[in-house]
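Take a look at the following structure, please.
Chains here go by letter, A, B, C and D, matching the order in which they are written, and residues are numbered from 1 within each.
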Amino acid sequence: MCSPRCCSAAARAKANAMNFDLSEEQKMLRDAAQKFLRAEYGFDARNRIVASETGMSREHWRRFGEFGWLGVALPEAHGGFGGGMVETIQVAEPMGAALVVEPYLASAVLGAQAVARAGSPAQQAAWLPGLASGKLVLVLAHTEDDSGHQLAHVAARAAAERGGWVLSGRKSGVLGAPWADGFVVAARTAGAVHERRGISLFMVGAKTPGVQVAGYRVYDGSRAGDLLLDAVVLGRDALLGVEGEGLGLLEQLIDIGIVAACADALGAMGALLRKTVEYTGTRKQFDVPIASFQVIQHRLVDMFAAIEASRSLLLMAALHAEHPDAAARSRAASAAKAGIGERARFVAQQAVQLHGGVGMTEELDIGHYFRRLTLFCHLFGGSDHHLQRFAALRAAA
Amino acid sequence: MDIDFDAEDLAFQREVRAWFEANTPPELRRKTITGEMLQKDEIVRWQRRLDAQGWLVTGWPQEHGGPGWTPTRRYIFDLERAAASAPIGLSMGVIMLGPVLMAFGTPEQRAHYLPRIRRCEDWWCQGYSEPGAGSDLASLKTAAVTDGGDYLVNGSKMWTTYAHWATHMFCLVRTAATGKKQEGISFLLIEMDRAGIEVRPIVSIDGEHSLNQVFLTDVRVPKKNLVGREGQGWDIAKYLLTHERTSIAGVAECKALLANLHAAAAERRSGGRPLVEDAAMRLKLARAEIELMALEYTNFRVLAATAAGKAPGPESSLLKTMGTAVQQTLSELDIDIAAEKAWPWRERGEFGRGRYAHAMERYCYSRAATIYGGSDEVQKNVLAKMLLGGGAR
Amino acid sequence: MCSPRCCSAAARAKANAMNFDLSEEQKMLRDAAQKFLRAEYGFDARNRIVASETGMSREHWRRFGEFGWLGVALPEAHGGFGGGMVETIQVAEPMGAALVVEPYLASAVLGAQAVARAGSPAQQAAWLPGLASGKLVLVLAHTEDDSGHQLAHVAARAAAERGGWVLSGRKSGVLGAPWADGFVVAARTAGAVHERRGISLFMVGAKTPGVQVAGYRVYDGSRAGDLLLDAVVLGRDALLGVEGEGLGLLEQLIDIGIVAACADALGAMGALLRKTVEYTGTRKQFDVPIASFQVIQHRLVDMFAAIEASRSLLLMAALHAEHPDAAARSRAASAAKAGIGERARFVAQQAVQLHGGVGMTEELDIGHYFRRLTLFCHLFGGSDHHLQRFAALRAAA
Amino acid sequence: MDIDFDAEDLAFQREVRAWFEANTPPELRRKTITGEMLQKDEIVRWQRRLDAQGWLVTGWPQEHGGPGWTPTRRYIFDLERAAASAPIGLSMGVIMLGPVLMAFGTPEQRAHYLPRIRRCEDWWCQGYSEPGAGSDLASLKTAAVTDGGDYLVNGSKMWTTYAHWATHMFCLVRTAATGKKQEGISFLLIEMDRAGIEVRPIVSIDGEHSLNQVFLTDVRVPKKNLVGREGQGWDIAKYLLTHERTSIAGVAECKALLANLHAAAAERRSGGRPLVEDAAMRLKLARAEIELMALEYTNFRVLAATAAGKAPGPESSLLKTMGTAVQQTLSELDIDIAAEKAWPWRERGEFGRGRYAHAMERYCYSRAATIYGGSDEVQKNVLAKMLLGGGAR
């Protein structure tokens, strides 16, 4: 199996206006991920991982690191592959197709990119190699109970005290929290709860006194948790990026998180279509395969069209992920999230519907894809949130 | 139709409301609101309480213990019961088997079973679907072969809700393999403790165990357990559809759920603002409520037509597609309002008692609504036949 | 043919909680309208009326009056039938099914009800008998260029001068304007453009000096116009209802106008379904009738279901039309308008689609129903306007 | 993809933008924005102007007078042209017949017809559909029977756009009645002034006359007017589909229309407030724009795959269903924004010159998009065949 490291970062061609094909390296990355996951992360193996005490396979996680998937978008200097969003989605899509529960999105995208983009040399050195190799898990803790997906709504506070910081507050819905070695926590160093200025990001070790994680199983098979921060004392060097200016980075992180999540969803949608085409071609009712009914055929076509449109939106958002104009980047991300979100729901619902009774059973993987895609619909805010964000960004432009 | 309730109806409404307020156990109310599954003993206790009040078999005639209400009163009762977040608490025995026995059963069958259903002494499950026969019910294969004064039953029933709790099953079996598929089907009552019956759990995508597969191997059933004539099973199954009609639309449950959604949207906050002030949420809630109004008045129209003696037609298919669409829309809205509050999965501790803790389970299970009982696609085939002049089947 | 006058008003049963059947009299009213219009208002006859100079048939209008349809909801003392909304929709639905262009909604519902509900004895005596008999046309002029469907947005002004009134302003989108003998005009006697108080209604004869009508053909075959009011001098008795309190009546009129329009739309939708079932049963493609394709069958079912749901919403709104609680009445009307509006669009579009090429031709009636239903979608505000009004009325309750 | 235009592309973009700004006649611009139909002489004059600039046959190779642009430039050109509200101005000769003659025509046919198409000396119409053959095109009946060195053509063509303006028609005719339906079809060029041709107008539901029925009675056509071989007509028709692909999605027109919708929604007021501030309108505009983005990038992907030499497959069906859905959504929004401003019907005076005067005509005509050129239902049949392994047909 080819690790992406064997390909020079410089050799990768950038997609240009009329070049929508992947480079050879990008294709190899995707194919390798597909191949490994099909062989080593089958539905039964996956269910065993989900049912285990910790709910995650450190062994698989390290393999992901070895293959270079966890550092695919991290700098080569820190053990990464030096790629970008286009490479990230080559890995994320097969992970969705294989129902991977390990925190690729939470740690390898959100956590790692926070440090890669805003970390000091010391922070990068401390975290990135471990994140790239699969030794560490670092997740983003930014949402709170009443924040919804208004990123500026941060009530947790950090006070500058005796040359360091004291953090207090609650974070909820933190993906991968029970597995985390550390958290990137958004807290207010100034301003009122809604203000755009005054938000800062902090690196918080999971074992720091005052940090308490209330973890739970999530319906997609992964784990998440609420974070209680009770006067957590941090050093001066815990600050990530510029004090009070964290919102810009947060917005950037969420936008790339959205793109990765969309790729994951696309993987799940594609798997559902494949399985549904197969099932309807064999399942008989009224003495014929149900795929011989025109209504079923057109439903499959609607699923197919939804997936193709989703792939187009994903590509569009990936190509805008590093756009210098933040509004253009966010508009692209919101367009993808809104458009793919509605389609993911449709594809998931129809896959269950066309599988009939067996689609309703826990034994089959269909329902697990259904739940994963439902989670996707709400991740980083639902379609309606992003439609409105998209409209607001146009109005502001 | 509140505009037309007369003074007596309004008094009745107050009585029902007060009773449910005083008598619904808080734990049942919580489970009803959050969508958590009830346990068998909870259901039985609740049904017996309703029966003690004379309010369990509300659709049965007075001679069999029904309250003898007008349709208006039954409508008021359903609304108030649902609005109080009291569980629907109706068993398959009450809704389905009761009316069948009244119409097709022998005097002995009625005398024996009806009081036991009413007092919740028996728990009935329904054996219709089979592994190979989903929406194509007529192709069922479970065979009942005459063996002396008994039937010997062999086959398997699928998606049997609460079979693991049941003491009895009413089921469709094949008593003749020749002729038109529908004509060889009979309606049989089987005690679940008979030798040769095995119940295997099916866990559904809400993570719950309510469904089962029931295997029947050389199960000996006395002929007195046959309801109606041999070969009359298909007609009985069709007759049942007309008796399910009031419940098929699920108007009262939907109204209660919508009220809960409004309360939840007022409580949940996004960016510190109540979600109900979000423009998109308001539009969706409004649209769902209008769909529900259309459903309610369609239900009224069908009830009125049936009451006026019109032959039951494909309206039940229309009500089912409309009703399930509304139910699924509401459960989608529920999960959208809950969002990450619904992430914890089947948690029973702190995370399991929240308002939204089981929204995802409910949303998952709601997908069955357009699959079971004749899929949405099959209902539309029935309606198409009617529209294109093939008549109802 | 039985005129509704032959039935005593008292004999008509009110619909009650579990009685959704029409009374015998109501059925006769509907059957008579259907029968007459099918015989005397066929598609060719109708097209001749549309193409005529005035675009309306005074002859038919008088017949409608003779049959009692124009006064169906007017008091018996003034030549009416004394019915209500349930009777009105029995007439409106067949009119929609027959594509009637005469101003039933504009004059017999909106104009006549304005006078019936708020007119002085003298105003009633002057207008109602003529309206009931079909001698007169009286239409409502309430919308202005920038008002959209915010009824309180009235910029036209009426000043009290020398014991009478002087009216100035512009009204646009006035249904039936070129045919009108008179207008019920909403104008401000006090307050700013948006205020709820300060709106008054005035009876304005079409020939009054200063009244100018710019008429045009509407795409559904009817006529409408803009109204220019240039210092129109009116007597004291031109005021309809209470000075400054016109908005309540206006809201009531629009709500009943909505119910009548919904019935008209339902007539058109039903006709489209009937014609489409018939056409798809005979039109062959790939050697079989296209109605033998399951996708076409389910589409017909979707149209059928849309119509049944629309009928239910219409009934609901009709039964709430005289509800003492104005908010309950308006919520019912808005629910019907929003719900039926979306379904009318769907049914109209699918009827054209399933007719294929011939559905696109002016020669067939399909396109004329399509245009009539499109007009309905925008009449009194579109579905989105009414969804929002519906939500606002709940929030306010 | 604007993010990746290089400096030369950007210079090209400025050049095109400036040219259209300077050269688009205001009357054409007005008609393009409002949806009013153009007249023949307007179109011809405009096409000749484009040709003079070298910008008419942008999809043709340079040897036949095309500009030799990269796909990126063609994309930029289309966007700028549409953004300037300049009419699309492409005739069936340019888009459809030209590529066919280049691929299948004799050297004589190319030499004669191609320059005349480019200079707008001939006006071509397309004779495909027939009264009995709509989406089931292969069942067409118009027959061309050999009679000496000529064909004798009898039959009728339906929905022939601009047949009343045309000097020529390219059409599909049946030259063999035996064998597979598709194999007996040939591609024939017919001068419209030949004896036996009658053109009858069909007024469409937008009130306009652009469609016609063409009757052919013993029309004598020389055999040199045959394109390709006898029986090759079906293949030629399929080949055309791949050449329509860039235009089938209609991305540039949709982008221009969306920009106009935003301008209109900012201008129109409801209760004195700009319509664009209405929450429901904002959601609809946002959703439409996102659909359009999905369409645009799907179009890019298909173009890239085609450029990379992948065999043309059922993507054209996908693009057609996606593209027509977006077009119809936008025209629906257009009419919703216009509302009562669009009531005046085919008025030519004061009411006919308003911004919204022809929105209803456009909305009406837009319904044809899912009917003509293979109905939406037929496109989905094609896609289903591919999905279920039947391959593209």
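Assume a contact is a pair of C-beta atoms (placed from the backbone, for glycine too) under 8 Å apart; a residue touches a chain by one contact, two chains touch by 3 or more.
Treat the numbers as computed from the prediction; the structure is a model and nothing was measured.
Chain centres were defined as the mean of their Cα atoms; on that basis the chain farthest from chain B turns out to be D. C-beta contact counts were set side by side for C-D and A-C; C-D has more. With centres defined as mean CA coordinates, chain C is found 53 Å away from chain A. For the pair chain A and chain B, the distance between mean C-alpha positions equals 39 Å.
Contacts with at least two other chains are made by residues 279-280, 282-283, 377, 380 of chain D.
Looking at chain A, residues 293-295, 298, 384, 387-388 sit in touch with two or more other chains.
Against chain D, the residues of chain B that register as touching in their complex are 279-280, 282-283. Across the interface of their complex, chain C is touched by residues 293-295, 298 of chain A. Considering their complex, residues 14-21, 277, 281, 291, 294, 297-298, 300-302, 304-305, 308-313, 315-316, 319-320, 323, 335, 338-339, 384, 387-388, 390-391, 394-395 of chain A touch chain D.
The touching residues of chain C, counted against chain D in their complex, run 143, 145-150, 152-153, 172-173, 193-194, 214, 216-219, 224, 284-287, 293, 295-296, 345, 349, 352-353, 356-357, 359-363, 366-368, 370-371, 374-375, 377-378, 382, 384-385, 387-388.
Interface residues of chain B facing chain C in the complex, by the touch rule stated above, are 1, 3-5, 9, 70-72, 75, 276, 282-283, 285-287, 289-291, 293-298, 300-301, 303-305, 307-308, 318, 321-322, 377, 380-381, 383-384, 387-389.
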